[in-house]
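Chain lettering (A, B, C and D) follows the sequence in which the chains are written, and residue indices restart at 1 in each chain.
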């Protein structure tokens, strides 16, 4: 089955977005708006939990926010001044509704709802130990591990139990937790996944990206700091830092592709960084050509940066269908090979006879680049030069991003010449890792304690990866899981 | 909203039926057939879990078995030689899918699926203690308590842990449990709820009623005895009796209304017992009349018994719609008062000018009897005598039957004269409690250790009722439960 | 695919029911109630059209009345004091929504909505001629022919045009027509299909059966006479008889099976007639036996009549599932042979060792009788005697009843001995044609001008059958029809 | 209810797209692809009819092509080597399924399926006459008029009858007709709506735009000429010109907004024309500024043209959500005012303190322009200059484009100063009508016989508008139409 996403099939995918509102009588409605603005971070499923002072209310649904959470009856069934929501891309495991967040548990201290962006890299090991002690899991989600650690902690207060749980988990997590005593937002000590705080009238808002604050009219206050817990209780905001301080390592791919261009991530405009990467590309690997053409839509800012730096005109040489949000399954075997043009079509009148520079944000498997170069040649392009606004993606991510296994990453298999041949381009280049850091305002990548997590490019993972060395846990898990049809 | 069930609105409702198959390559298909035959025991939801030697597979659905479990794709997604299923009537609490059984848990010993008919009368107390120790509940069902008791037991083998759990619970339970090591069927020490065992080719089958064995072509072997655990492992059947022996107290209402007339319960034909109750009624409270008319369908066998004993002709004076299985919500306020005839209609040509004896199985609130007597009078009946094939229902059931609170039970509020006035009958009588025992082959009800649980008639509850004295647990529970929309 | 209707699979099926209300501000809601009461006449689809003085509003749906027409939003979207509705069983042709009635057309005189019970036996011929003159059909329904005849008539007033159309059609029709100028109800000159008139407060109601009047609280006034047009305009009722008078021939099968037992058809109680047929059977073909057992539900009245006449006890030897209204598709090939018991189950404890008389209303293909006799033998019956409350069904119906082709009718293929062997009964008998007329109060069937249409038993069709001699029209029709998916 | 289309709410909308395939064994699958590529021309509903040599098969659905026509089961149910399809935007009237094209009729000559882009401006008058003569309409679509004219024509052959029909209709029509004898494509004598012809292997293809040929891999042959009928029969192509020749007047708005930028319309690249209009704007009304910002997505080509002509940098100052294809209904009254940012968000970091030129394709009501200017000011823009790539839209279209009534067109109410004030811009300008013709390669608009239909800008309608002077027909029509719920 081909889809209208032939090019987006070859992207890394952020697995989640979170959004929480504390202290607004339109809490659930605001969460719905915020999740809609974060839809690009997870399109498989969404959920919202609210708390009305007495009860927790939850609605979860497969599919997009629009269509599921834009109905008055749904929002009315989520009363209360507190609400937290989550959008989710498919995990490696199961796509059942029971894995859709926020997850909820009834603890001795009361209800506990949690939304999580990231991935816990020792979740399997912890799960095995918890089951051995009598815990019963209701999902296959790594996030549920956190809840059981809280439930079985020996500490007395909920906050102490929560910190106790966090100290046992490793990996990446931006969490928004809702309890009868208030809302807690926190980021892992390295701050791998983003989380920002905003205000709207009296309400405090937490979101994965600033664009979600913009959309609901909130002002951006600051980011939640790596290793910080922000607690909102009866309108008061407290900050706790229970971890030993360490140098942050936010995911650099947020600027490359994940975040929306109109977001501000770590005080930098994502759009401006992307344009700057394009400019770096033009400086590092210039080429004589007639047109700079973006691969829509994610390649556009870098292409503008490339065009402005090089002086070669920016043109729309590939036209995207207006209906890309919808999957189109091509009917009938005979017409399947025609599928590539459903989403994008060459602007033939423009391309014909021209030397073109294609700008895209990244190459994962390379299958899409191959098709798009061919499409340009079919439209009569004289030369096709591909420029990629990130370094070669050579390593898997274990922090909440969906990456193919290493063997499928084009850059893990081939050198630059091999890749150029594979996609049939006249030339191909990637921005250098130092060029990428330059676009972010650094002189270069520091060999020791670089400022970002760039493991997908460098293999330099900033945490231990317990479950990766523990295949027994993974296999046992696969055997036990109930398949709910 | 009125429905096409105006008369069935006034029945006690069995809350569950269970069905398990061990050792057939059509296990899930047989369970679907068996559940369809047990549909009268629970119409709100149904579920089937299967085990294929490696994985557990589950499908649960709101609504009837037909329409949900009669599709090839559903059955194909439930592979394996072992399967267990459940039909469910609404519990007092929530009707969400997560409460639909079989419940499943991943224990340290492997998967564990359970289907339960009955009610655990200390479930709230146990739940509170389990949560205090760190257990997280995923449903509001009392059945989940059993699973957590197994998960957290200090014994080593699964069987020991399961018996440990059973010894902590009180109340009524017929359970069918499926584990990777085999299937376990058991009944509580008093055998309050029914459970029978059958065979079909090499497979062992457990079912709430014999009719479910008939429908799938199996032979009836014997009932699972009160307090007995039957374990089926690799085709071998073992029996364990971990409880101190005590005199059984099966629910007498199974013969009065719950079981299908073509079932054999405790070695007695349900149809024959009902006819015998009708005959007892004719002996105890005869009346001069022209016609004996059953309230369809449950009053038919007793009416036949009454007619044969009295010599007064049996006639269909009330015609039931062919479409009673479907709820019809009457549209528009103006026509709501017309609703009563949607399900039943007087056979006016027959009734007019006649003295009639109406026979029904029971009176709960009395609202239906009132309507049906009025319908007979509107059709021109000269006299209407109501005869009820059970004693007055004066007490709530806490063993898995849905009863209204006591204040709504007509017989708890009014004496016979008051009840006769309330339903506007010319006369009304109930079979005596001794007459009921006579129909079951006893001389009379024994004052000490009567042979049946008849608490709904007598208030003589055969177990302690822990949660009933513990309103705190119930309230806290209500507050904590997440409302899933 | 087997269904829970194994026995009803072998019935003739009425193809339609109609219901009209003129002059009530709850018109559409009343029609919904009325159609629900007529659901047994057509279960495939339903539709209601209303007229609010300015516009016609229509809702049509596949499936039952309950679930489609019992919703406030549906009824609110059908405003006005006039409404007409239709339930439909599948025609031979297509089951698409566009064939669901009421059919509507915008004529020069204004809107025109029609609901039709019956079948026009020269519809193909008329259609071919109309198309040749430029008419465009939107359905494959024979009813649409009437509308085009009205639209293209050379007469001036709507009433004259309608009568002009009726004079060109042959066959069976009970019609309820709604126009801006009032409602018209009419029956074909022979009155083959039924139609009655009732009143509710000021409103005039038309219905296929009296039971639909009962259910909505209306009083039965009289039947619409064969060949009569009843016109309701501004609350006034006029009667027109445009046809030459002829002796009526109402369908005798309405008393045998189609009508509900609580209906009054042609001034006779359907229940009483059926009991009387049973009594005739006991007189004509008595047999020594222990029990009289009805095939539920349609055999019950005749079985009561047989038992009362013969003095042999009436007993429920076959228990019908409470859930027969729902189709259960048996999953998996291996369990298909088990299917027969899904709907009915033998009351084994009662049957065993007994000589039984089974009473059913009719035999069509005989497949069900075969299964049910076998079920009785499997349950241990000593002898099985089958008694049928109608004469052998040997001919197809062309007046709106769904009959199998002749070659599939058991009685058209075999003599009584052959049929007895086929169903493996110890004895088999049908009521005689004269016995059937006796049960209806006649001395016997008159050779000339018998009082009923009994063509399915006798082959004596009361009208010409133009399309049956005109296979070209039928074939061409099949080729032209658009298949709407 | 606000939607994610706040800006597109203020566009004119093309009402239809058509696509036909003659002579391919994947005909229906190709039509599905083609309609998907034409989705921008009509998003309300879609339909495909196929012909397999014997039968016509049709599937129609509300909603998009994707989701309805990309399923194997749907395509398999549309067999045959001939297929025609249609996408539709809502007409003024009703949106019921029966209005969805292709429309089908069973004529004396056989089946007849038609897909129509355009509007017949004397349809009401013709309908009234046809009904008076006995025709019955099944839809409220103007297209059905054509079919009835064919059905009732006095000519003998289908082709003569079809030409007879065309000669009676006035207005705009690009038609693809499928009959058992072949496919006919035709355009009205002025060629107001587009229609092109392509080839794919042996198959002949007709489409509203060349992009639909591209997407299914077909080659573009030529346009169907104004007033031409192209007949494809058994693989042979014939051309007929039954009308007196006249100077063509294709709709100029196809280049301004309707057609996709990658289409070739009338031998000109739509993308290039739009860039040229942008360049004309920069020449006609230059302004000193820092950034040229397109209103996404339709303003992009003109903005690139403006930027290249002026030398001011092109930047993405407005970020479109990735999920614009989906409607998001904002829940809750309190958050409704926040809605404008759901689809577009200001790229605040870029805009702040800058003088910006906004480029959009057209202004209809002006409501969107008002919001977007305000969004730019809220983001800190120092000056906002709006440039519109079409002349002021002052007149309604009666040729198949959905325009608001004149009183709602901003340019019909206000002069340039008034409009500038209304949208709160620092300056506003529209390209001149001569500038628009220049971008299309003309020296200027010819006063007599201009080369395009530009009635929406000039009020110069190229045909008579019969129904516009005949309000009686329109009113009667509204009264008669059945409302199907």
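The rule we apply is simple: contacts are C-beta pairs under 8 Å (C-beta built on N, C-alpha and C of every residue); 3 or more make two chains touch, one makes a residue touch a chain.
Going by UniProt, the chains are A, B, C, D = Amidophosphoribosyltransferase.
Everything quoted here is computed from the prediction, not taken from an experiment.
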Chains contacting each of subunit C and subunit D, listed by label: none
Most remote chain, CA-based centroid, reference being subunit C: A
Whole-Å separation of chain centres (CA-atom averages), subunit A against subunit B: 50
Where subunit B and subunit D are represented by their mean Cα positions, the distance between them in whole Å: 62
Distance from the mean Cα position of subunit C to that of subunit B, given in whole angstrom: 37
Per-residue multi-chain contacts in subunit A, two or more chains: 74
Chains that touch, pairwise: A-B, A-D, B-C, C-D
Contact footprint of subunit A on subunit B as seen in their complex: 49, 54-60, 74, 77-78, 98, 104-108, 110-111, 113, 131-138, 147-148, 151-153, 479-485
In the complex, subunit B residues that touch subunit C: 4, 25-26, 28-30, 32-33, 36-37, 39-40, 64-67, 69-72, 74-75, 211, 214-217, 260-262, 264, 269, 271-272, 297, 300-301, 304, 308, 313-316, 319, 321-332, 334-335, 338, 341-342, 345-350
